[in-house]
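What follows is a pair of complexes built around chain A, which joins chain B in one and chain C in the other.
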Partner chain A sequence: MILRTLWRHVACNVAMTLEYRGAFLIYMLNTIAGPLVALGVWLAASEHGAALPFGRDQLVTYYVLLSLVVMLTGTWAAMFVAESIRTGSLSPLLLRPVPPILDYLGNNIGEKVIKLMLLLPLVLVVGLLFRDDLRLPGDPVLWLLFALSLPGAAALAFLLDFVIGSLAFWIEDVNGLVRVKNVAGAFLAGQYVPLALFPSWLDGFLTAQPFRYTISFPLEILTGQLAPEAAAQGFAVQLAYCAALWGCYRLLWRAGLRQYAAAGA
Partner chain B sequence: MRFAFRLWRRFAALSFAREAEYRANFLVNVGEAAIQVTLAVLTLLLLYRYTDQIAGWSQAEVLMLAGVYRMVEGLIALQIAPNMLAISGAIRRGDMDFLLLRPVPSQFLVSTRLMAPPELANVLIGLGLAAYAGQLAGVALDARRLAMAACFLLCGLLLLYALWFGTVTLSFWLVQVDTLDQLFYGFFEAARYPVTFFKGLVRALLTFVVPVAFATTFPTEALLGEADWRMLVAGVGLTALALAGTNRFWRYAVRHYSSASS
Partner chain C sequence: MSAIIVEHLTKTYRSYRREAGLRGAIAGLIRRETTVTRAVEDLSFTIEPGEIVGFLGPNGAGKTTTLKLLCGLLFPTSGRATVLGHTPSRREPDYLRRIALVMGQKSMLWWDIPAMETLLLHRDMYRLPDQEFRRTVAELSGMLEVGHLLGVPVRKLSLGERMKLELLAALVHRPAVLFLDEPTIGLDVISQQRVRDFLRDLNRASGTTILLTSHYMDDIQALCRRVLLIDHGRLQFDGSLAALAEAAAPHKILSAVFAEPPPAEALREATRDAVRRPTDDPRQVRLAVPRAEAADVAARLLQLGRVVDLSIEEVPVEEIIRVVFHAARQEEAQP
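Coming up: the complex of A and B.
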């Protein structure tokens, strides 16, 4: 029943997003613009003699695929969850026989279906522009691992966002917190600079923090930066984070709903 | 002109009075601006770990540009963005009628009436970073360089305004242009770095079509004493052209406006 409900939510959101396809196309142009600017800058650095530990082809591959991973692991639930708790618009959702998180999950997946259809052609065009330097791995195992790491990455990002939004049960205004998480998280996830270009004394911290597993990890797999053991370890950490966040979500909602007293509840 | 200035002062005073009701908002803005500038600086530090100069720009010089960028972003968010973001909604809902009725040039009114005072935090942080990095870069400031930088900055801001305003004017015909604002910010991303980092077509695009170069690269070059005065002439010409163009387009659009309420 939960799956069927989720499926209906997704289908409904696909239809709704389709109505705003023009707007979403522009969002996607924007999603691809940031990585391209960064790519241009790092290519300029490498052309002016910077000795990067990252080859030109690795840079191009990373940044061309970056927008795709950023989009697929994107999440925007926190502000909406917080608002529905604050204004009491959560109440009708609570009357349904399925948990409210399904609404937000369905919205997340539904929008991404349309976004993927809009973004893929753009990424293809950019990929063609850089075809001389683009090195996509020929090894199907890498592609399989990449594909496997994406749902985990998206789930981690979504749960983290949802948990922070859920703090609105206790904190009146979580928007500041959400914005800090978004800005700092993007940086630590490798959205601006690949984590491989950070100083090596930060490695321990970078591997331990959750944001790596949202964007950097799938791309590290695909650009062939990870030895098999490191990849296996990465999957384990990703799964552990998801499980821990799932636990947080259950706890927060059980405690939160008990003292939820929004207008009209 | 004096009338316009007096009016603008009134708008500013109103915005500040309104904002004084939401003081916590200001603190959130300061916090966010501080985090953003920290991350921007960290990104540049990462970039310059591997080299001393990129296309003739040292780390201190690029940091200075990052400061100018933050300042420009703050100025846009302070004065330009709130107005641009309000126009298409006003047209859709029919509020534009009330704005057009007032005895003030309508383009001036819709472009200046709103302000977002918390953004001053960004402007000040940017100014601080630019001054600090300028010292690192060993910039000897004199009146001429400052004046030239200010001219470039003004041209850059007005050009970006013209670009955005021209796009927003399309709302008279297209209902949904809110998202075009997003596109504006996408391009503005590129202003974080000197245009000289980019090559050929992209550089030309960022100089003349989406003129972000005038807002950040050229003012910084002027402060460093490396600016080309011919570029300034081109900038002033381009700005005059862009402003005249948007004004004509706006007047044409208003003539074809059939209010949402009538």
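Coming up: the complex of A and C.
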């Protein structure tokens, strides 16, 4: 029943997103522009003799695929959930016999269906432009592991965002917190700089923190940076974070709903 | 078993106050004054299955808070509510599947897409068999005359059309109890009438228990045999509109229009038990007359000259309610 309702939420969101397809195309141009600029900077640095632990082909492959992973694991639930708690627009969702999180999850997946259709051609064009340096792995196992790591990465990012947004039950304005999380999160996820280019003394911290598992981890798998044990360990950490955040979400909502009393809730 | 049982229900809100302006904002960072508001206080009543009950009170009286407590949106501070044998605040899916709340000022329809998409979502959420769902949608959209609007994006609809579709979306799972918070707010007279007729037909055909708040007395008069009056979170009256009129307004309004203005002295004598109400027309006489005297006073008026129009009416409900709330406030002011 839950899956059928989720599917219907996704369908509604696909229909809704299609109404705004022009705006979403612009979002996707923005999504692909960031990594391209970063790629340009690193290529220039490398041509001017900067010693990088990443080869030119690794850099190109990383940044060409980055926008796809960023989009697929992207989340904006915190803003939505905080707003609905603050203004009381959560109430209609609470009257339904299904958990409100389904609404936000359906929105997340539904938008991504359309975004994927808009972004894929753009990524293909960029891939063709850089075809000489693009090194996509031929090993199907790497592709399979990459595909498996994406739902976990998206779930982790979504749950983390949802948990932060849920703090609006107690804090009137969580937008500042969300912004800090987005900027720090993007940095620590490898969205600006591949984590492999960070100083090596940070390795322990970078491996332990959750943001790695939202963007960097799938790309590390695909670009062949991970030994099998490291990949297995990565999946375990990703799953553990998801489970912990799920627990946080359940606890926060149980306590939060007891004092939900937005003006006009 | 009663559909709704409310026992000593109380809900308090805690809010922070601060002075306006920059100084107030800075002072508020250091010290905030906490205010506790009692939105609902020691409220008790029961509603039987199939009843339509009007919930009346001025703004801020606690009507909407009570509805929210009964829907499980809010946790009570103390006391107990039982609806269809469930405790609403537990928000059990089996409970939520049997109730609906329609808020005139909040939409449950998806704004950018046709209402049918929301209905299909409800079909899946409420686990409705497809055939039964199609039958219900056909029946309700026929009653509300909105069949042709199901495929139009909601944002393109008028307020009246949207409200009817809100009702349809709220009722597609055939709830046993329907809570309505200002369902006709902002609607034109024709749409208000259509919504009222629909609710009455629904109650007759399906036995749906309805608890309704409205500022439109026409809604209450057309639908509710019983009203609950609430002010400052407390129940002030529970009974029929007729009983309310008798209790709060021990007089009726007598109005007579003479062909020629009646002689002043004779009129004063004939209406000595009544209170004159001002009129613009010297040929018209309006009086507030004690209920028992109304017929006698009317007979005396008829002897004063040729009467072209005569009516004896109940005091308007708005006025009765104003009297009740005014009395309650004066009592509070002088404990």
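By definition in this document, the second predicted complex is superposed on the first by the 263 of 265 C-alpha atoms of A that agree within 3 Å, B and C clash if a C-alpha of one lies under 4 Å from a C-alpha of the other, contacts with A are read in each partner's own complex, and residues count from 1 in each chain.
Here is the rule we use: contacts are C-beta pairs under 8 Å (C-beta built on N, C-alpha and C of every residue); 3 or more make two chains touch, one makes a residue touch a chain.
Just so it is clear, the model here is predicted, and its values are computed rather than measured.
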Go through the superposed model and pick first if A:E19 touches only chain B, second if only chain C, both, or neither.
second
Should A:G88 be classified as contacting the first partner (chain B), the second (chain C), both, or neither?
second
Examine A:T5 and indicate which partner it touches, taking first as chain B and second as chain C; both and neither are also allowed.
second
Regarding the shared-chain residue A:A184, is it in contact with chain B (first), chain C (second), both, or neither?
first
If we overlay the two complexes on their shared chain A, which of chain B and chain C does A:L206 touch? Say first, second, both or neither.
neither
State whether A:M117 touches chain B only (first), chain C only (second), both chains, or neither.
neither
Could you list which residues of chain A make contact with chain B in one structure and with chain C in the other?
20
Sites on chain B touched by chain A in the complex
28, 31-32, 35-36, 39, 42-43, 46-47, 49-51, 53-55, 176, 178-180, 182-183, 185-187, 189-190, 192-193, 197-199, 202
In the complex, go through chain C and note every residue touching chain A.
13, 68, 71-75, 91, 93-94, 96-97, 99-101, 103, 105-108, 110, 112-113, 117-118, 120-121, 124-127, 153
Touching residues of chain A toward chain B in the complex: what are they?
20, 22-23, 26-27, 29-30, 33-34, 37, 40-42, 44-45, 48-52, 175-176, 179-180, 183-184, 187, 192-193, 197-199
Give every residue of chain A touching chain C within the complex, in rising order.
1, 4-5, 7-9, 11-12, 15-16, 19-20, 88-89, 91-92, 94-98, 257-261, 264-265
